[in-house]
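Chain IDs A, B, C and D follow the sequence of writing; residue 1 opens each chain.
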Amino acid sequence: MSAPAAASRAEARRGPFPWDLLGVVVLAIIAAFTPDLLRFVFDRASVSYLSIASNALSLAILALSWDMLARTGNLSLAHAAFYGAGAYTTALLVKHADVPLWLGIPLGGVVAVAFALLLGSFTLRLRGIYFAIATLAFAEVLKSVVHHAPTDFAGGNAGMNVPALFRPVFIAGEMERWEVAYMRNEAYFYVYAGLLVATVLASILLQRSRLRHAMTAMRTNEEVAGVMGVRATRVKLLAFTLSSAFVGMLGAVEAHRVGSVLPEQSFSVATTVLALVTPIFGGLYTTLGPIVGAFGLSSVQELLRRTFADGYLIGYGVVLVLTILFMPRGVVGTLGTFFRRRRKGAQR
Amino acid sequence: MSVVLTAKGLSKRFGGLAAVDDVSFEVEQGEIFAIIGPNGAGKTTTLNLVSGLLVPTAGSVTLHGRDLTTLTAAERCHAGLGRAFQVVQPFPEMTVRENVLVGAMFGTPGISRADAERRADHALEVTGTTNLAERDAEELTLMEEKRLEIARALATAPTVLLLDEVMAGLRPAEARDAVRLVRSVRDEGVTVVFIEHVMPVVRDLADRVLVMDYGKVLTEGRYADVTKDQRVIEAYLGRDDDAPPTDVAAAAAPAGASGDAAEDEA
Amino acid sequence: MDLNLLAQALVSGILAAGLYALVSVGLALAIGVIGIVNFAHGEFFMIGAFLAYQLFVSFGIDPVWSLLLVAPALGLIGALIYTSTIRFVLKAPELNQMLLTFGIGIILTNMALLIWGGDPRTIAGIAYRSIGYQVGGVSIGLVPLASFVISFTLVLGLYWMLARTPIGRAMRAVAQNRTGAALVGLEVNRVYLVAFALSAALAGIGGVMIAVIQSPTPGVGLAFTLKAFAIVVVAGLGNIRGVLFASLFVAISESLVATLVPNGDTLRNAVFFAIIFAVLVWRSRRVA
Amino acid sequence: MLHIARRLIVLVAALALGVTTAQGVTIGVLSPLTGGSAGTGLAQRAGFELALQEINAAGGVLGEPLRIIVEDTQANPAVGLAAFEKLMTEDDVEFIAGGFSSGVTLALIESFRTFQPIVMWIGGAVSGIGIDGFDGIEELIGEEEWFFHVHPWDYHNVEAATAFVADTGVQTVTLLHEDSAFGGPGSAGAQALLEDAGLTVPLREAFTSTLLGGTGDFRAAIAKAAATNADMLYWIGYDSDVVPLTSQIRELNYRPQHIFGAPPGWPSEFAAAPEAQCVTGLIGFMPNLPTPEAQAFTRAYVDLHGAEPDNYMAALAYANLWAYADAINAAGTTDQAAVIAELQTGTFRSPIGDWSFQPSIIAKHQGFTTDLWLVFQYQNGVREIVWPLEKATAPLVSCR
């Protein structure tokens, strides 16, 4: 037996060092201190930076959860449907049932999963662009159904109000007004960060389990994976479940943060498009890629809009085009290949 | 000897075209069983029907007395049916060992990780690919790919292994290696069903031969006997050079032109 | 039910299929021949619409004639985009192609916003937009009729080109087997360039039509693009005749529901996408 | 690596702190400058820019040049929220102007309430009054001392439109409306008011606007409207629906006495289109309004931007910024209570004429109500004002 194989066996017995789990811990610690750190450095401007950071976290959750389904080779264009399902679930619960405010978020995830399983079981045999268009069609139909549901039930074309999750009280004389906004943004930031950590954990568990191999095999060739014994149906439905659960919860949280649900807003095609653009930009089929993509794209957009009064989105488009031309495997994928090559080169 | 695999009255129609028509055969324990026939005879379609990649229009498949006809490909794999493809398709993002590990981990439900690793390493050894284990699957030569393809199928712990034209594209020396490889697989106790075009290989390997033409069974028997059969000679001589060697895949293609096959290309 | 309304619904539906086929056929070419999922196709409509508008405003050129200018202009833009970007991602995964073309779409949209602003523009001063011929209580609009005729002529012409001309045969060969086509001496890259330029030119013609029937805005292409994608996929990739049948089927269904159901116009997209979903799912189960 | 990181920190810090060194009054503007609502947002910005130029030419605010910082909301609630908080905490503005889209406005309310700057808001016309189980903008923040609304509420729009309809003497009105938070409640309110006024509404039918995913084929809805043969077709939609609607009405040979529309704006070149003939429309400002203010505004606007204002949003934005400048100058300080007092009591300039804030049903400070609205009619390529009669430049003509 050759040396590397023996080494890898030994490593398998002990288990390799869990860099990924360490990464989550580091991420969680960074997230825990981010609000305080921002406040320490930027004072009241931290309110604004926390909002921008929350938007980036939201994009990261959207992107990473999309990627978990994409790993099976299924390119979903239905993420707006799961997002909207979560948003409307919490809005409907608040309006019609006197449930605690927080319950809407997990239930938003549950309802999104229900729709995902429904969609998943219908589209099991569809591949590639056929699957993509079927999922897009599903999302458009669901948007229309919500829009045309009885007005006193789901608000119809006017939508519904959704109460805020956090309402810190201003106490005159003891604090400044911006501190109230800071407290609210800090609280939302932690909710988003918690949701992202949960999504990252799910993604890492997937990557560490044998499902990762099943998904890679399915992505390469579902027939071959089938004769290797991979139960594609189960894996696909599991991926649909994980993927939609986090988007559903994200939609619910966001509905509370922005105070309303509307068919056009909650089921926007833009959500779907961002869900796939971000991981491609950052690097597909990894845990790190979609996160890097989300923070990269958010920063690019924010810097551009602060620099140019008009046409800043042209710059954003140029960044996307240049990235795919010069970093075809996304930021993380290309950097990873680069470093691996260098390491190999050093060994030789 | 006992019968392990039975195909009974297998038929597959694509639209009006009968790609496979009432094909029946039995394979016995420990046998090496060849399916031959001219291009477009329906050999690969038959293999696809047996391994569950296609649903038959009529007929049944039985393994160890268990009816597999309604099972998916994955469930047939779990029941003990292995399959290697003609066009070798390693998972390019994995190492050779990881490729084989996929077969080992998913071929037997509930297998522990450690057992799967052992089984994968054993499959690598049997196929002589241990030294390639840590290579990226993208960087292999054709012969190495063929070995990997068989190793991967072997790792699913099959009792019957279906091989689709493993020799295609190999140089003579490599083909001899491949023959040895198939023998060593049989020596592991695995029954082998294979499709082959290269007649010397069939002669060297096959215990029994099934000859197909136009989707039907022409004859069945020992190599020496069937090659003397006038109908077999006509079938081969009649249409020898009118199609490229990839005809079998092509034969299945028109069927999917309006549906599945086109989707796979997308 | 008022029979007149029903007849009108049928006529409107059949004529609307012309526009659907027109916006879909260029995309079918891009996906079918080059195998590229072009997310910027809707922006090609938009640019075509604005060019028709600008030609009208600056030179008083009627859209009927600007068809002859906008189509080659878009073909040129398509060729430029192909040469500068698309050809580098031909072998890349389709997701890469999507990100690239999405980026191109963002650039084009926001350039249009800078040049023409966000307000809807109008090609004023054309009389034929409002003309309808009354035939037994049913109105046949001149513009829908013309776009139906133009569209079906173009689609049939394209079909003929693919079947009969050398470049068409080359496109089919490349579409079926890229390597094989290269082996028999076809310059694959040139064929792709022509196909992509042609796809953009067809989008330009669709854009001129859109500019006539509605107001060019930077976002005018989106609704058509989503539907065009769906039609192309349901028709079967690269199936030009399928585009015609699919367009007819969805357009007539939409028109009937919009007419027969109260507030039915708001159900158009639901009807359209429900049909698309049902057809895709049903077909995938039938084949298996 | 390290020096790059350090440079980045310095850059970000400069971005964050740099603006605080500027002197004088700064007003933060939130508008959608990209995406589907960009037309409205860019029109607002053009109006703000004109007012800013005039204000600074006239000596600025409190003796210093006035500054505005315009932030793009992309008509996206989460983006709008971050943009507002940037204005409040990075740019330290005390006054907010601009606004568009109910979704964005609803998202901002919680944060408005936290910071309580003076908000003089053009957008968010959905009052919520008359919609059961839905709280609109007026219901949610109308009562706040610091909230000033510079656009009629939805019921004002409907009141003006139905008053015009009643004045035309038509008996039956068919309503076509786009199906979002704008046209849905608006058309329901219009139907109720029209029926109260004794008119018959045989049909109220929804369509999908080209702005919200429609492909502009309105023939099914129009054919149904034609079948009612009502005297008037009254539609509520967006500006990009104008061309397909008006042309298809004629194509389908529907000839009502009046085709009356209430979109937020009208495509500027539409006047020259043949299908425009005799079409009537509700609008907040007309460049040819025969008043000195309107003429001066239009002239100055053309000087600055090279074209006439397409959209009455420019006029409202202009009024919005001048009100701030006049009120702060009158107060002599940026102290919030003093400025609010001046805004409450003052009379301000606008292209539409002098205006002031009055209470509306719930809101304490409502600028512009029913009487903002004009009805114009396209007559031989010109937009003539036909209603109200005291501002009319030409009499209303029937399409038949």
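Criterion: contacts are C-beta pairs under 8 Å (C-beta built on N, C-alpha and C of every residue); 3 or more make two chains touch, one makes a residue touch a chain.
This structure is a prediction, so every number in the text was calculated from the model and none was measured.
Undergrad: When you check each chain against subunit A and subunit D, which touch both of them?
TA: Common neighbours, subunit A/subunit D: C.
Undergrad: Which of the chain pairs holds the record for C-beta pairs in contact?
TA: Maximum number of inter-chain contact pairs occurs for C-D.
Undergrad: With centres defined as the mean C-alpha position, give me the subunit B-subunit C separation in Å.
TA: Here subunit B and subunit C have centroids separated by 45 Å.
Undergrad: Please report how many Å separate the Cα centroid of subunit A from that of subunit B, as a whole number.
TA: From the centre of subunit A to the centre of subunit B is 42 Å.
Undergrad: Could you give the separation in Å between the centres of subunit A and subunit C, each centre being the mean of its C-alpha atoms?
TA: From the centre of subunit A to the centre of subunit C is 32 Å.
Undergrad: Calculate how many whole Å lie between the centre of subunit C and the centre of subunit D, each centre taken as the average of the chain's C-alpha atoms.
TA: So the centre of subunit C lies 34 Å away from the centre of subunit D.
Undergrad: Which residues does subunit C have that touch at least 2 chains other than itself?
TA: 94, 110, 113, 222, 226, 237, 266, 269, 284, 287-288, in rising order.
Undergrad: Residues of subunit D that contact two or more other chains, please.
TA: 34, 179, 213
Undergrad: Indicate the residues of subunit B shared as contacts by at least two other chains.
TA: 260, 263, 265-266
Undergrad: Going by the contact rule set out above, which residues of subunit D touch subunit A in the complex?
TA: Result: residues 13, 15-16, 33-34, 70, 72, 76-79, 81-82, 85-86, 88-90, 102-103, 106-107, 109-111, 114-116, 126, 131-135, 140, 179-181, 183-185, 212-213 of subunit D touch subunit A.
Undergrad: Could you pull out which subunit A residues touch subunit D in their complex?
TA: Result: residues 41-42, 44-48, 51-52, 55, 58, 95, 147, 152, 155-161, 164, 167, 170, 177-178, 180-181, 184-185, 254, 257-260, 262, 264-265, 270, 305-306, 309-310, 312-313 of subunit A touch subunit D.
Undergrad: Note which residues of subunit D are touching subunit C in the complex, please.
TA: Interface residues on the subunit D side: 34-43, 179, 205-208, 210-211, 213-221, 223-224, 227, 239-240, 242-244, 246-248, 250-253, 265, 267-276, 310-311.
Undergrad: Under the stated contact criterion, what part of subunit A meets subunit B in this complex?
TA: Subunit A residues touching subunit B: 1-2, 4-5, 8-9, 12, 125-130, 210, 213-214, 216-217, 220-221, 223-233, 285.
Undergrad: If you look only at subunit A, which of its residues touch subunit C in the complex?
TA: 70, 75, 122-126, 128-130, 133-134, 136-138, 140-141, 144-145, 147-148, 269, 273, 276-277, 280-281, 284, 310-311, 313-314, 316-321, 323-325, 328
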